[in-house]
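Consider the two complexes below, in which chain A is the common component and chain B and chain C are the respective partners.
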Partner chain A sequence: MSESILETRGLSKAFGGLIAVDKVDMAVETGKITAIIGPNGAGKTTLFNLITGVYPASSGDIFFQGKPLKKEHAHTRATLGIARTFQNVLLFGNMTVLENIMTGQHPRSRYGFLESAFRLPKAHREEETISLNAMKYLNLVGLGMHAEQNALSLPLGQQKLLAIARALATEPKLVLLDEPGAGLNILEKRELSDLIHRIRDMGISVILVEHDMPLVMGIAEWVIVLDTGKKIAEGTAAQIQKDPKVIAAYLGEDED
Partner chain B sequence: MSADQFVQYFISGLTMGSIYAIVGLGFTIIYAVTRIINFAQGEFVMLGGMLSFYLIKSAGIPLAPALILSVLITVVIGAIMYLLAIRTARHASVVSLIIITIGAAVFFRGIAGEIFPWGVDIVRPPYFTGSQSIAFLGAYVHPQAFWIIGTTVVVMILLHLFLTYTMVGKALKACAISPVSASMVGINPRTMALIAFTLAAALGGISGVVMAPLTLMSYSSGFMLGLKGFVAASIGGFKSPVATVIGGFTLGIVESLAVGIDWGPFTSAYKDVIAMTVLLLILLIRSGRLAEEERMS
Partner chain C sequence: MLERVKRKWYYSVIVSLLVLLIVIPFDWFPGHYTTIMVLIGINTMVTVGLCLLLGYTGQVSLGHAAFYGIGAYFSAVLSKTYHLNPWLAMLIAAIATGAFAYVIGYPIFRLKGNYLAVATLALGVIVYILFGKLAPGGPDGIAGIPNLSIGGFAFDTWFKRYFLVWGFCLVILLISQNIVNSRSGRALRAIHGSEAAAESIGINVDRFKVKIFVLSCVYASLAGSLLAHSMAHISPSSFDPMVSVIVVVMAVMGGLASIWGAVFGAGIVVMLKHELLLGFGELEIIIYGLILMLVMIFMPEGLFVWLKSSYVKLKELYIRWRLGQIRRGAET
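Let's turn to the complex of A and B:
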C-alpha cells in the first residue's frame, strides 16, 4: 500500500461497559475512495467521531498524514484538513444555503472580530471572495440556483449535497461521508456516485460509511468491514464480497 | 389616565424597555453560544454606569472619551471574567457554570461597593446634553431618554448587521445552532464563547453609560436590571434576539403604564411586582417546553 493519509493504531472507544470501537488498526490510502461497512451498531459512526474529535478515544492513536491527532481539538482537526458530513445532516437552519457554505470557509478568513465588526474594506473584500468561493462549491454539487433559499427548505437529497459542499468548502485533504446515500432515490444515488468520483479527482481522499451495497461496491477502491467494533476484514470490493467472515457477519443477514 | 399622561408613561416605558431589551440581548447571545445563563449580565450595566461617573467626576475625563473608556473597561472585564472564571471551569456542567456567573455577579457588586470613593451611595453621571425637557405629543421628554432610546436602537441595528453579514457573526450563529457541526467546519467554540461574553459585556456597558444619568446608579443596581433583562430574554426563550427585543419593550411599557394607574398608596412598588409576575408566567408556560428541548438535545 502506498502512503496513507489516515492511520489508526489500536483505536478503541468504550461508552461505560459497551465497547463501540475495539482496537481498530487501519490505514487509509491517500487519494482513494475507502468505504467502511458493517451491520448496525458495528461502530462506524463512532469511528468517524473519533477521527474528527467529537469524542476523545479511550485508547489507541490516530495519525493524519503521519502526525498524531489525539491531542488536537475538533476544530483544529478541521483546519488541518479533515472534513465530514453527518448521518442526520446537521445543517445550520435559519441560514441560507450560501451562508451554510460560507461557515465552512470560516477557518480561512483572516480578518478578525474588530475588522469585521466595523466592516473595514479589507474584511469586506475578503467576505466577497469567500462568498464567490462558496458559490463555486454550490455549483459543484449543483445547488447554485438555490443559494438564497433557507437551508432547511431544501428536500433531503439536496440537504445532503449541501452538507457535502459545506465539508468541501473547508478545503479538506480528507472528507468523511456518513451514509451519504441514505434516503436518496436511485437517480440521486447515481449523481452521488459521480460527485464522490469528482471529489476524489480533485485530489481529496474520501472515506464513506454506507449501507447501500451496490453504491459501495460501485465506487469504493478499498473496503474495511467492522463488526461489533472490530475490524473483521478489508480488501477490494471483489475480495470483500467473497470473504466468508463478511458474508456471515453482514451480507448474510442483510435483508435489503 | 389622560391621553397626555398615556404618552408620558408610554415614552418612559419605551426608554426603560430599550434598556431591558439590550440587557436581554446580552443574556440571549451568551446563552445561544454557550448554553450558560450569565447572571452577571446586570453587573456589566452597573459597571458601565459607575465607571462613567468615576471617569467623569473623579478622574476629570471629558464626557465622550469617558463614556467610550467606560464601555471598553467593561468589555475587558467581561473578557477576563470568561477567561478566568468560565474557561478554566469548562469541563464543569452548565449548571455549575451558571452558578459561577452568580458568584461573579456577587463579586462585581462587592468590589463596586468598595473601590469607588463614594462607597455605597447612589450616583448620577452628568446628562449628555442638558436636562431641558422636550415637548413631544403632549408629553415632556428628557433629552437623556432620547439618548437612551436612540443609542439602544442603533446598537440593536449594528448587532443585527454584525450577526447577519460578517463571517464572525455567521460563525457565532453556526455555533449557536449546532456546536458540533460548527467545530467540524473549523470554528473554535471557545473563541466564539469569548466573543459572546465580550459582546454581552459591551451591550451591558453601553446601556449602563447611557441610562445612568437618568436612572441613577449604585453598586447594587445591577441585580434588578439583570432580572428585567432576564425576563426579556426568557420571553424570547433565550434564543430569538427579535423576541427578546420585543419582550424588553413590552415589559418596559407594561411596567410604566401600570405605575400610571392609580393603585392607591402602593403605586410605584408594583413596578417590580409586574416584572416578577411576567417572569413567573413565562417560566410556568415555558418550563415544559424547555425541558422537552433539553431531552431532544
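Let's turn to the complex of A and C:
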C-alpha cells in the first residue's frame, strides 16, 4: 500500500451532547479517489470541516502528509495543500467567474497591499501568472465562455464546476468535494466524473462526500462508510456493496 | 460589450472629474465654492476608506469620525503646542491612528454584523467624549493651527489648499482603485462574499479585515490632519458620532462598492450641508435619514452606479423608440 496523504486517529467532534464524529480512524491514500458515504447525519460534512479546520476537533489527531494538522488555522491548511468545495457552493457573488478562480490563486501568490497600491513590477508579474493559471483552471472545467459573467448568473451545475475550479486554483495536493453531484442532471454528472478523474490524473488526491451511489461506485477507488459518527466499514466499491453492516445502515436493521 | 460600456464610463468619469476639478476654483465661481470643494475633497478621503471597508470587505464601521478626529487632534496638538513641522505632525498622526486601529482591530473584528456596528458606534461615542474632556481646549477645541507649507510656500488660502487637498485625494483614489483590482482586493471582496469560502482558499480573513481597517483609518486620519491645517480651528463637534453616520450616507450615496462614487457621495452631501440645508439647523439630520432610506430603497447600489445603469437603459429605450419609428415609417 502506498503512503497515505491524510490520516486521522481517534478523531472526534462533539457539539454539546451530540457526538457528530466519533473516534474515526482513517487513512486516505495518495493519488486515489476516496469516497465517504453514509446516511444523512452520519457526520460526513463535520469530518470535512474538521479536516479543513472550520472548527477544532474535540479529541484525536489529523495528519497531512505525516505532519500533524491540529494546530493549523483553516487558511494555513489551504496553503499547505488542502482545498475543498462546499455543499452550498459558496461562490463569491460579487465577482466574475474568472475573478473567483483568480482568488483561488491567493495562497500561490505573495504580493500585498503595498505592491498593488503602487502597481509595482512584482504586482504586474504575479498578476500575469495569476490570470494565466486562472484561465487554465477555467478551461479545465469548461467555463471558458463565461469568464466575464457574474459567478451567480451561472446555472447550478456550472456553479459547482466553478467551485471546483476555484479549489483547484489553490494548487492543492488533496481536494475535498462536498456533494459535488447534488442537484446535477445525468449529463452534468457524467461530466463531473470525467472531471474528477482528470483531477486524480493531475496527481491530486480526491476525497468526496456523495449521496449518488452510481456516481460513487463508478469513480471511487476506496469507500469509507460512516454511520452516526462512527466508521462502520471501508473497502472497494464492490466490497462495500456486499457489506451487511452497510446495508443495515442504509436500509435499517432487522428488529428481531 | 458590457465591459466596453463600463470602461468607457470609467474613463469619461475620470476625465470629467479632472476637468471639473481644474475649472472650479477659478474666479468665475463665487469664492466660497473653493472652500466647499476643499471640504468635499477631505470628506471624499474618509468616504473612500469606508467604501473599502464597508463596500468591498463588508465590514461596517459607524465610528469613523473617531479616527478622523484622532488625526485632526494629533496634527493640531503636535504642530501648535509642540511646534512640530505640520507635515511631521500629519505623519505622526497617521502612524498613531494606524497603530490605534491595529490594536483595537483584532478584538473588534471578532464581532460580526450588528454587533460590529454597535461596537464601532460605541467607539465613536467614547472617543468623542474624550475629545471634549481630555484633549486640550476641551469643548472649545484648538484654534490657531498652523498651515501646511512646502519650503517658503504656505497653503494659506483656500485656492492653494484646494490643490493640496485634491492632490492627496486623487492619490488616495488611485491607490484604492489599484488595491481593489489586485490580489488583496480580491481577498477583501472574497471576505464580503463568503468568509468560510475565503478561509478555505487560504485567505487569512481576520488579518485582512484588520489590515483594511487600518488603511481606512489612516485615510481618515490624513483627512483629519488636512482639515485641521486648513480650517486652523477644530473642536470635538466636528467629530461627533453623527459625523460617522454622515460618512456612511456619503458612501451609500456614491455606491458602496465604487471608489469613484465616493467623490459623488461626498460632493452631494457636503453641498447639501453647506448650501441647501443651511437654514434647517437640527432638522438637517432628518433629511440625511430620508436620503439614506430613499437611496437604499430605490438605488441600493448608489447614485453613481444608478446613473451609469440608467444611462445604459435610456440608450436602450432610445434605440427601441428609433427602431419603432423606422418600422412605422416603413409601414406607411
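The working rule: the second predicted complex is superposed on the first by the 250 of 256 C-alpha atoms of A that agree within 3 Å, B and C clash if a C-alpha of one lies under 4 Å from a C-alpha of the other, contacts with A are read in each partner's own complex, and residues count from 1 in each chain.
One rule holds for everything that comes next: a residue touches a chain if its C-beta (ideal position, glycine included) is under 8 Å from a C-beta of that chain, and two chains touch if they have at least 3 such contacts.
All of these numbers come straight from a predicted model, not from anything done at the bench.
Participant: Aligned on chain A, chain B and chain C: do they clash or fit?
Facilitator: Clash - chain B and chain C, as placed by superposing on chain A, overlap.
Participant: Have a look at where A:N133 lands relative to chain B and chain C in the superposition and call it first, second, both or neither.
Facilitator: The answer is neither, since A:N133 touches no partner chain.
Participant: Going by the contact rule set out at the top, does A:E148 touch chain B (first), chain C (second), both, or neither?
Facilitator: After superposing on A, A:E148 lies in contact with chain C but is clear of chain B.
Participant: Quick one: is A:Q241 in contact with chain B, with chain C, with both, or with neither? Answer first, second, both or neither.
Facilitator: neither
Participant: According to the stated criteria, A:S58 is in contact with first (chain B), second (chain C), both, or neither; which is it?
Facilitator: A:S58: touches no partner chain.
Participant: Using the superposition on chain A as set up above, list the residues of chain A that contact both chain B and chain C.
Facilitator: Shared contact residues on chain A (touching chain B in one complex, chain C in the other): 52-54, 73-76, 78-79, 83-84, 86, 90-95, 99, 102-107, 109, 111-113, 116-117, 119, 123, 126-127, 130, 166-167, 169-170.
Participant: Spell out the residues on chain C that touch chain A in their complex, using ranges where they run on.
Facilitator: Residue list for chain C touching chain A: 2-3, 175, 178-179, 181-187, 189-190, 192-194, 196-205, 211, 215, 257.
Participant: Tell me, which parts of chain B touch chain A in their complex?
Facilitator: 161-162, 165-171, 173-174, 177-178, 180-189, 195, 198
Participant: Residues of chain A touching chain B in their complex?
Facilitator: My answer: residues 52-54, 73-76, 78-79, 83-84, 86, 90-95, 99, 102-107, 109, 111-113, 116-117, 119, 123, 126-127, 130, 166-167, 169-170.
Participant: Which residues, counting only chain A, touch chain C once they are in their complex?
Facilitator: Of all residues in chain A, those touching chain C are 52-54, 73-76, 78-79, 83-84, 86, 90-95, 99, 102-107, 109, 111-113, 115-119, 123, 126-127, 130, 148, 166-167, 169-170.
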